[in-house]
Amino acid sequence: MPELQVSIVGGSGYTGGELLRLLLFHPAVRIKQVTSERFAGKPVSRVHPNLRSVTRLKFCSVEELDPCDVLFLCLPHGQAMHRLPYFRQRAERIIDLSGDFRLRDPEAYPVWYGTPHPHPEWLSQFVYGIPEIHREAMRGARYISSAGCNATAVILALYPLYREGLVDPSRTVVEVKGGSSEGGNTPSEASHHPERNDAVRSYKPTRHRHIAEIEQELGLSGEHTVHLSATALGIVRGIMATAHVFLTRPLDEKAIWQVYRRYYGQEPFIRIVKERQGIYRFPEPKILIGSNYCDIGFERDPRSNRLVVISALDNLMKGAAGQAVQAMNIMLGLEETTALQFPGLHPV
Amino acid sequence: MPELQVSIVGGSGYTGGELLRLLLFHPAVRIKQVTSERFAGKPVSRVHPNLRSVTRLKFCSVEELDPCDVLFLCLPHGQAMHRLPYFRQRAERIIDLSGDFRLRDPEAYPVWYGTPHPHPEWLSQFVYGIPEIHREAMRGARYISSAGCNATAVILALYPLYREGLVDPSRTVVEVKGGSSEGGNTPSEASHHPERNDAVRSYKPTRHRHIAEIEQELGLSGEHTVHLSATALGIVRGIMATAHVFLTRPLDEKAIWQVYRRYYGQEPFIRIVKERQGIYRFPEPKILIGSNYCDIGFERDPRSNRLVVISALDNLMKGAAGQAVQAMNIMLGLEETTALQFPGLHPV
Amino acid sequence: MPELQVSIVGGSGYTGGELLRLLLFHPAVRIKQVTSERFAGKPVSRVHPNLRSVTRLKFCSVEELDPCDVLFLCLPHGQAMHRLPYFRQRAERIIDLSGDFRLRDPEAYPVWYGTPHPHPEWLSQFVYGIPEIHREAMRGARYISSAGCNATAVILALYPLYREGLVDPSRTVVEVKGGSSEGGNTPSEASHHPERNDAVRSYKPTRHRHIAEIEQELGLSGEHTVHLSATALGIVRGIMATAHVFLTRPLDEKAIWQVYRRYYGQEPFIRIVKERQGIYRFPEPKILIGSNYCDIGFERDPRSNRLVVISALDNLMKGAAGQAVQAMNIMLGLEETTALQFPGLHPV
Amino acid sequence: MPELQVSIVGGSGYTGGELLRLLLFHPAVRIKQVTSERFAGKPVSRVHPNLRSVTRLKFCSVEELDPCDVLFLCLPHGQAMHRLPYFRQRAERIIDLSGDFRLRDPEAYPVWYGTPHPHPEWLSQFVYGIPEIHREAMRGARYISSAGCNATAVILALYPLYREGLVDPSRTVVEVKGGSSEGGNTPSEASHHPERNDAVRSYKPTRHRHIAEIEQELGLSGEHTVHLSATALGIVRGIMATAHVFLTRPLDEKAIWQVYRRYYGQEPFIRIVKERQGIYRFPEPKILIGSNYCDIGFERDPRSNRLVVISALDNLMKGAAGQAVQAMNIMLGLEETTALQFPGLHPV
């Protein structure tokens, strides 16, 4: 197979660094360029110290971007939506990791991102980047918009139940708990270690913008929503979503297990985690650090029709760079798990 | 005022140690005895190293217990309910910190604690130990049953709303997140540092036994419950409860504030925390370590009738020993805040 | 006793916040003013959230500073040395918490702080602020320069041995390990949570500026030094110094214990911690959080003449604000332990 | 190349789990059996949850052990030394990860391990398992004794300097700082999360048994030693050694760099880390989690002849399982880096 050339725009952030880590060990691709305006000319290992001696790549400016086969965009929200034509000229295939092309409905941008989308006509050209839901559309696609990290955790947890019409769509409550790497690599008061260490910080009790993606992918009309709150923890990587859904039919755990098995039984990166005993009987983000798995488990409340669904993933992997590489593999017709087989560590 | 003599039964655990720390600096009481079968004869500072040079007290056996004015019982669940007559002979006033006398309904014991209560006739003699709800009954009471740590966080967060009939009682969902000291001082696989560090562990998605106390204090009949899940975090002290309630009337945040002010405005240990900006604009357990505060905040979801109420406390203080000392102060007619004024640390 | 009025200049930092926390509960003083240019006009609880409901004090500008009895200066290094005359006009007694007046030798400033001292004539007017060494000079003193946090840990660990001439002064090696609050409250890449969490960072293998204080207080001439390295850990509060000294005489542990007892046996804030068993048999900073203790322990190496001395303290307490209040108490003839009796927490 | 069959004895511990994680992705070997008496018959993913869906291997009893090509022994200290004949019958090649065959001098066993070695004649048959020092002896070797984790960090840091005779052998002081996974997977009071979290615990100020390996490999006679102390931190994985050596010649940093380059310039798993700026300018264990690197850096003290050498590694990788796989690769003539290329994560 001829080697494919990929480049990364905005490669000095945490997501860019994670993409580099994965793609440097991908047997079918070669990293051609990595851009960073701030670090142009400097080795990528200056900002990604885990890549010392692994690569001698240097950052270049986005102005120097050459044509390539696949381009990953890791820019802050609100930039790619303005500069897409420039990037389209450089690559036939683009995977964008920001929120700029995740929502199909242009009306949603002013609501959730605070400004209208400058090019609503592009939104329909992007496939929403969760392979477990849009794998077919991804094959051969030119543009993929990688999903939000919290959104991925929630959508994967709930998709089979909503798709099967098993839950009361007016009652679902979700709490997502996540680590500090979600916030990117720019220091702030919120990320200052004495303040963030051991924090249990209710940073977005309502109005988290990932709700828009979740509503879109679960097929919720304006009438219903997912009642979501987000809490920041003192960990670095990892997300756990705890979703409380209320069943419309009296299903027992075995029946629920069968639903999940039907949807995810063949999925390489979803594991149904539900054991009778042990401390890892439900999904736990810490053992997923560095891996592309999304683990999903659940428990029925015997006192009501509530079902608690728990999902966990690494926000920089299945929640960002890992899922983007998975999408690239599908897009290019490569083996889907290539470069994504790291199983996670225990203990850690 | 004549000095009162207090003793602690089961003083080698974390709650017993915290009681010691508080009572050693309480100007109106003197600690007479502290029992521990395992450490009888040894200095209390052997197991509570923060008390080195602070006290020369030694543990004694419960068999050696002398009469005293107030007796704190810090035994594991299921012990005090069998041995109450023995303790009653030793002290006129008893504050029990286990779950043995928290539930008024004897039928609830087999459901939540797995065995029938051996002396259901005693249950009505204990006042449930949340001062903000039962202060009047505590004054001069002989027996107080200190509330569960998670239960305290949830009850204090929701009491005014339920009391005022402002929420749909069928829909409330609560997630409590807590630290490892909740589990006591006995090592186990679950508490082994390599496994617990940085954990986000869904340890009780349904059927947490504190639900029974919450239902009791919020006045929920068997028809309704609080849909509660509990998650264990890699912190040592601290609980945060995130409660999602659905309002029966279209109240704005100002109106909700007024409700909380009416109930808690004069409370010495409840702070309504709701600021427009900053990283501590909602309750945060880490700045409550060592303090007796329960901080409560909230946010209205503008897209629905959901109200998110957030409460935080130190599980060993307002969730256990601190609240028990507060109860003792009330019971004895002392200034309620005595020995409980430590404000918490920042940063920490 | 008439109430004394104290003010704090630079009260928005971590040291200023800790001073506030202590002085608000000090029965003999009243806090008159707290300055912060950035937060002038705002409540101190805005930046010190643990003080919510504890005080209604607001920050003012340093320009508005009124006369007071004691003034604490918590400015960044290099400021107080230029503005001392202004502060002297405001208060008869000053306690400076920066490094500006710690070194008696003016020649040391360009070496360790990078610039000459603008007023070398003031240096001799300040008492170096470790009470265990300079208590007599502190009584009635007008100016005290509070010691550095790492310096305090190292000096207290080694002072008796050096004073008694028991160690080879050419061979001492010390490693200090400390938490992130040492770096103050300004966010930076080094303090960014994803980078600092779980860090074991060799940030100053040589040339730590606290060496100058240590040499001064241990009486080391230019010929000898303490070979010190500093490592930053992922904790927030706490310092542990591990000092390796080489004995000039074959002393056993009992003899060494006697030396420490002779020097520190009556000290209210030094505990000799050396037990035969248990996990807290040596000093441990975590149980000192919020307390003013410096715990000191040691172990003789039976294979050589090495003695390992271990000391631990809370860098914001005995390493800064706590020691400053202790100094104030001595300076004013108050009971030395006033407002400093918090014993630390366990577990935490 | 024909596939080689490897088995692991004692596979339920942390080191065994790490070996499994590595060998499952090793293209030249197949894992035949993994023994655990406690978990015989159960899936390995029961105790190593990161391996869920990665393998269906089950534990068997050591009694069921079949012949294989390479046998890894991960038993507690003191067991393999008694049972070696049994294992020798099962495999031609053995890599032992305990301390049972690390010391060439039989006299050292009673001193450091408390009992005489039952088969001193076997000691000379084992190659000490640090490839950077004993690579030639490993090629084709039958028995390898994998080095201690702290010992590896210290030996790799100091070997070039000692080998070149550049340091005063009487003065070296080393402090090793390590995480909780070093202690294995058995819960204890010392590993109980409320006690271990955020700990800075001086657990072995003198007499750490890895000193014996360090003396052996650095060629120290009984006259000289390395003055080592060990401190336990609240991290899970990772070791940092800070070594203070005193130079016998006035070498500058460039000259020292050249020495390290000469010894380690071609080493695939040693990186010399010494940058002018940035927060990762010295070795940092956290970015080595899961990787097989040992990073080494240094700084000259301009005020004396001290050189501070800093090394970092993952105790379960280069300090145990990773180094054992590296040894196996050399032993079998495979590419040395096979299955060991994971570069570590950032941030983490």
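Labels A, B, C and D are assigned to the chains in the order they are written; within every chain, residues are numbered from 1.
As a working rule, a contact is a pair of C-beta atoms (placed from the backbone, for glycine too) under 8 Å apart; a residue touches a chain by one contact, two chains touch by 3 or more.
Predicted model only: the values in this text are computed from it and were never measured.
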C-D or B-C, whichever has more C-beta pairs in contact: C-D
Farthest chain relative to chain A (centres taken as mean CA coordinates): C
Distance from the mean Cα position of chain C to that of chain B, given in whole angstrom: 36
Separation of mean Cα positions, chain D and chain B [Å, integer]: 46
Where chain C and chain D are represented by their mean Cα positions, the distance between them in whole Å: 38
Touching two or more other chains - residues of chain D: 14, 181, 185, 189, 194, 197-198, 234-236, 284, 347-348
Touch list for chain A against partner chain C, complex: 14, 179-181, 185-189, 191-194, 196-198, 234-236
In the complex with chain D, residue positions of chain C that touch it: 171, 173, 175, 177, 189-190, 194-195, 197-202, 205-207, 225, 227, 229, 231, 233-235, 238, 240, 242, 244, 279, 282-286, 297-304, 306, 308, 310, 312, 347-348
Footprint of chain B on chain C - complex, ascending: 14, 17, 21, 24-25, 46, 48-54, 181, 185, 236-237, 271, 273, 278, 280, 284, 287, 289-291, 293, 341-348
